[in-house]
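The chains carry the letters A, B, C and D, assigned in the order they are written, with residues numbered from 1 in each.
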Amino acid sequence: MVKEVERNRLQPHTTQNAPVEFHESRQELHDMLAQMILIRHFEDKVYEMYTRAKIGGYCHMNHGEEATIIGAIRPLRPQDWIISFYREHGHILARGTEPKYVMAELFGREDGVARGRGGSMHLFDASRRFLGGYGIVAGQMPLAIGVGYSTKYRDADEVTLLLTGDGAMANGASHETLNMIGIYHLPVITLIVNNLYGMGTTVERSAANPDLWKRGEMYNMWGTQVDGMDVMQVRRTMEEAMDRARHGQPSLIEAITYRYRGHSVADAARYRTPEEVQAWRGADPIERFYRQLLEAEVVTEQDRQEIERQVDATVQQAVDFADASPQPDPSGLFDYLYVNPPPTLNEPETPDA
Amino acid sequence: MVKEVERNRLQPHTTQNAPVEFHESRQELHDMLAQMILIRHFEDKVYEMYTRAKIGGYCHMNHGEEATIIGAIRPLRPQDWIISFYREHGHILARGTEPKYVMAELFGREDGVARGRGGSMHLFDASRRFLGGYGIVAGQMPLAIGVGYSTKYRDADEVTLLLTGDGAMANGASHETLNMIGIYHLPVITLIVNNLYGMGTTVERSAANPDLWKRGEMYNMWGTQVDGMDVMQVRRTMEEAMDRARHGQPSLIEAITYRYRGHSVADAARYRTPEEVQAWRGADPIERFYRQLLEAEVVTEQDRQEIERQVDATVQQAVDFADASPQPDPSGLFDYLYVNPPPTLNEPETPDA
Amino acid sequence: MPEMTYRQALHDALREEMQRDPNVFLLGEEIGIFGGSYKVTEGLIDEFGPQRVLETPISEGGIIGLATGASMTGLRPVAEIMTINFIVVGMDQLVNNAAKIPYMFGGEAKAPIVIRTPSGAGHQLASQHSQVLESWFAYVPGMYVIAPSTPADAKGLLKASIRDDNPILFVENVLLYNEKGEVPEGEHILPLGKADVKREGEDITLIAYSRAVHMALAAADALAEQGISAEVVDLRSLRPLDIETVVSSVRKTNHAIVLHEGWKRYGAGAEIAAEIQEHAFDDLDHPVERITGAEVPLPYATSLERAALPRVEDVVMRAAFILGRDKVGV
Amino acid sequence: MPEMTYRQALHDALREEMQRDPNVFLLGEEIGIFGGSYKVTEGLIDEFGPQRVLETPISEGGIIGLATGASMTGLRPVAEIMTINFIVVGMDQLVNNAAKIPYMFGGEAKAPIVIRTPSGAGHQLASQHSQVLESWFAYVPGMYVIAPSTPADAKGLLKASIRDDNPILFVENVLLYNEKGEVPEGEHILPLGKADVKREGEDITLIAYSRAVHMALAAADALAEQGISAEVVDLRSLRPLDIETVVSSVRKTNHAIVLHEGWKRYGAGAEIAAEIQEHAFDDLDHPVERITGAEVPLPYATSLERAALPRVEDVVMRAAFILGRDKVGV
């Protein structure tokens, strides 16, 4: 099922569209489509809100990457962990966190998932074992060794999904992480969301050998490449990886996808041609999945319309909620810095002031 | 000629002893043997001097690794560069630096190759393009990207030999280095002196996939493994790598060898058995090369005796020289810290002191 | 004198030095087609080609190591680290290699590199992207740490840094790139390690560097309205530290406030305060005070971010208080 | 009270905490069969097995990341970094992750890790292996930096650190492992962030931490012979910094010297001096002085190494001079 696709990376490559074998419930497939559309619309709204200065800082969006996200995150069970990076709005939404709390975080409000302290790059949801978005490229990766080791230490039935970008694979932290995961045989699945660029740098210029999945061998793990525009392919690969993880074999999955927009809201992406972007938009993961579902008669056009309607409402509610949520009070500036700090953290009084 | 040896790593493996084809001059072969013996005796003396407190600090020796050293360094031309790590006494001797200046450095004397400032881990010889020994594991590696890039930048005919240990290959710096060398197609040859241990840790426990040479593929370079107890094998491999380097292809050579003594003088090496050490000593690179040369009638027993005599004299002279060399004068404490520092480096006068 | 931005001044310095010396080359992430994260190197790849404007993968250790290794062979690399926060990933190469190579090899080697990087808070960049870390490097003997506040200084100090033979961390500031100022025409080189009195005054010395210099100047303006004459000393360099200029000023004004972005405890201001009290003890009428950012990882929310950053008002208020011109006290 | 070495005290603290709490585990390079580079963990792998005494490859970033990730899931990792010099390779994980995780996620996560590492000069370990870098981490809000000087403190503070919920850098010292001292029997826990007056005195306060405390005590002995009564304050923690105890002492003695290994400029002593002059300005009869290592990468040769390290004699001489008991002056 999973093809080791050889491709001209800058051309979208539609893998064999053999009739998809669905063994998910109708409801599940419907929800997958709905979540993909939610992520897309949510990101559209984020863009709009950024231009209206409701959102600030660095803001990286997931347009085009929805299949990698839903395919990888949907199969996870409640006890499984996720560690992500700064391009993670869709990741936390896919994990089931309510959009309004995510939007509130982007607005920098007290009701945000990190109480407004984190912002776009640092979303978090402890109850869903979503262990955060991180801003130092590859810096999130070593954390996954620890989460995976904890699972082994506690002899628990858990899998950790480690999300990373293609550019991050050039950083030393990626090497130490994968090597240690391999040495300890940890139940960690590393998904490289290979959107072909790290900012303006193609993966051919950031990796001496751009077939990133092939590194699996060197780390003693299962390495495979998957069409990241096909949600069911990603899902099946993820399911296999979860199975292997539970038997002590880690995986390295490279999902080839594309980000439709610039690296961040601020990036005009002049390092690539409009034609290239257009070509990839033509292989859109949402439309593809929708067609597959239509053909299999799992959803109807009406379903799609209903989904779009509901998603729009949800996103609008998220904005309204975020807008109504208070800014954190400056008096809370030092909250959450330390757990039970000693009184010596205060300064002594200066007699003459 | 070069075998991709599959072996039980903790057993010495004598590769096929097919009759060696020498195309070096008699003199060259004689000198190779003499240098290997020099390194061995020099290190014996270093051990003795350390126990007599003439040498201090961390002191790592090359006993057993002589074939990797002479095989890799001897083919280098004057214009070629070397970057090494803390276990480098033999490396600088092989490059032709006079033993007395090396010994003086180990004694911490003004006539040492780093004027007594560096010590055992930080030997240097600018005139021989020996760019130093470094003490942070894998920390020397990124420097080689720059030296290789400089060669390319200046369009020069130079090769850089980067020496590293097996344990160092777990560090992120090794990944960034090899990846960048691969991306830029630099004339750099990375030689992993795989002595099977990093301190007490076997390579099986420091590398998820202990076949380190296989990483060549991932870095878009020629990867190969060689019997590091056979100096001629190492030499031929090195010659091929130099040829490739001059045509823009980097190499990653893993030479399997063994350090006879502990990690440093202070290490009793209780993590391995005396039998294991004995087995490897049985595959001694000096004795093996000597037998090859005897068989090929390149040297005689008398030659060997003469070499041993000369080497002993040289080493003794080195000790005498080092002992006679002055300790650096404390007044020179700030020498070499900055090039042309501004006067503001001094403190202002305190009126009341 | 032509007016230009800090960004342009840096750009011109790079360009002029590359034209002057073929051994000067640039390297870093996205410095080519992308023009650099803050667009300082824009256009240089067109003029000098990809060999002299070398784009790298996201490997900060590799970048600094590459620069250091190349510098040991005689080249003059100028590396850009996208922001100072990312230098943490690669600082082993700077601290354990570049800063030590000349000394630990007994003068047998040099490492003339320049690492350019912006420090400081931007707008809502949050805790991993808003740090002020240059004092770490200023702690390390063997390093120089230069930090210009104006376009003229940026140009003059960057050119001097590129020509200097020591390893240099050249600290820019995220919020200064668009600041404008006059820059002398023609060859403009400034000495490294020399502080600059940016404004003369009699009553109190405000010591700052980088962006905080502008805050100090704004505070001085406000204080002038209250009849207080503040002298503003721009350190321009954290190492070498020109403490002589600072001490001379304090000996005159008898009062001092050190002002910087970043955190207070173990921050750069501690060194300045410690030195002033040591060398001008009898001249001080009041302890040296420090005004810095709050000691938290910078929060994202604007309400908190604002509360965490140092403010001009605080400088004005403390200065007035110190000079006894504030009736209310704090 | 039984006498034991600093090494043994640390060992016992680790062992007791591992016995108490099954979530406590150790990780690091060579901490198993090898027993640790400085033999602190010797024997623990036999008692607790390889799962709880986890040996790692030479991947300092991986080690600290592993610890941090595991701590977020409820475990209590204690990592050993072989020496503080190597932490530079992995410090991104400590500074940008562990120290920020609780705050930047709005209190939704904790990172209760302890990173043990020895700092300081050994004997001729040269420039890359002799650094004192803990003040870097003390600069970072979110971190604790603990640094015991005696076996009793080592045990009490390590046990407290392991039970604490904050990310902690626990700084040991290469030359203290063999130092002996009395350690209370039974459960011995000390509060984090509390300085300790190691010797009471009236005339001058000597402020130190880690190995320098022993130098301060030796200096106090020598000064006593000259009739000078020196008080020795052991900071025990650089962050939180118990400046109150320091200031109280100086308010009594009116004189202060800060003493530490490592470099002066931007070193830990700068913060102490800055705080003392701020909070005890009118009580000071003389500026706070600092005695530290010379500002060079530590040279290998014994003659130079000796010249580069701080000396007890210097403390004695300066103290005597400051108190006007030195006829010659300097």
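Note that a residue touches a chain if its C-beta (ideal position, glycine included) is under 8 Å from a C-beta of that chain, and two chains touch if they have at least 3 such contacts.
Please read all numbers here as calculations on a predicted model, not as lab measurements.
Enquirer: Looking at A-D and A-C, which pair shares more C-beta contacts?
Expert: A-D
Enquirer: Please identify the chain with the largest separation between its CA centroid and the CA centroid of chain D.
Expert: With centres defined by C-alpha atoms, farthest from chain D sits A.
Enquirer: Round to the nearest whole Å and give the separation of the Cα centres of chain B and chain C.
Expert: A distance of 40 Å separates the two centres.
Enquirer: With centres defined as the mean C-alpha position, give me the chain A-chain B separation in Å.
Expert: 45
Enquirer: Centroid of chain A to centroid of chain C, CA atoms only: how many Å?
Expert: 36
Enquirer: What are the residues of chain D that contact at least two other chains?
Expert: Chain D, residues with two or more chain partners: 57, 59, 61-62, 85, 88-89, 92, 96, 103-104, 126-128, 141-142, 241, 278-279, 281, 286-287, 295-297, 299-300.
Enquirer: Using the touch rule from the top of the page, what residues of chain B touch 2 or more other chains?
Expert: Within chain B, the residues that touch at least two other chains are 114, 116-118, 122, 134-136, 139, 170-173, 176, 179-180, 183, 205-207, 337, 350, 352.
Enquirer: Given the complex with chain D, which residues does chain B contribute to the contact?
Expert: Residues of chain B touching chain D: 56-58, 108-109, 114, 116-122, 134-139, 167-168, 170-173, 198-201, 205-207, 270-271, 327-330, 332-334, 337, 350, 352-353.
Enquirer: Quick one: which bits of chain C touch chain A in the complex? Just the residue numbers, please.
Expert: 29-30, 33-34, 37, 55, 57-62, 85-86, 88-89, 122-129, 286-287, 294-297, 299-304, 306-308, 321, 330
Enquirer: What part of chain B is in contact with chain C in the complex they form?
Expert: 81, 83, 112-118, 122, 124-126, 131-132, 134-136, 139-154, 172-173, 176-177, 179-180, 183, 335-342, 344-345, 347-352
Enquirer: With touch defined as at the start, can you tell me which chain C residues reach chain B in the complex?
Expert: 25, 51, 54, 56-57, 59, 61-62, 64-75, 77, 92-93, 96-97, 101-110, 112, 141-142, 164-166, 191-194, 237, 240-244, 247, 275, 278-282
Enquirer: How about chain C: which of its residues touch chain D in the complex?
Expert: Its residues touching chain D are 85, 88-89, 91-92, 95-96, 99-100, 103-104, 126-128, 135-136, 138-142, 238-239, 241, 263, 265-271, 273-274, 277-279, 281, 284, 286-290, 295-297, 299-300.
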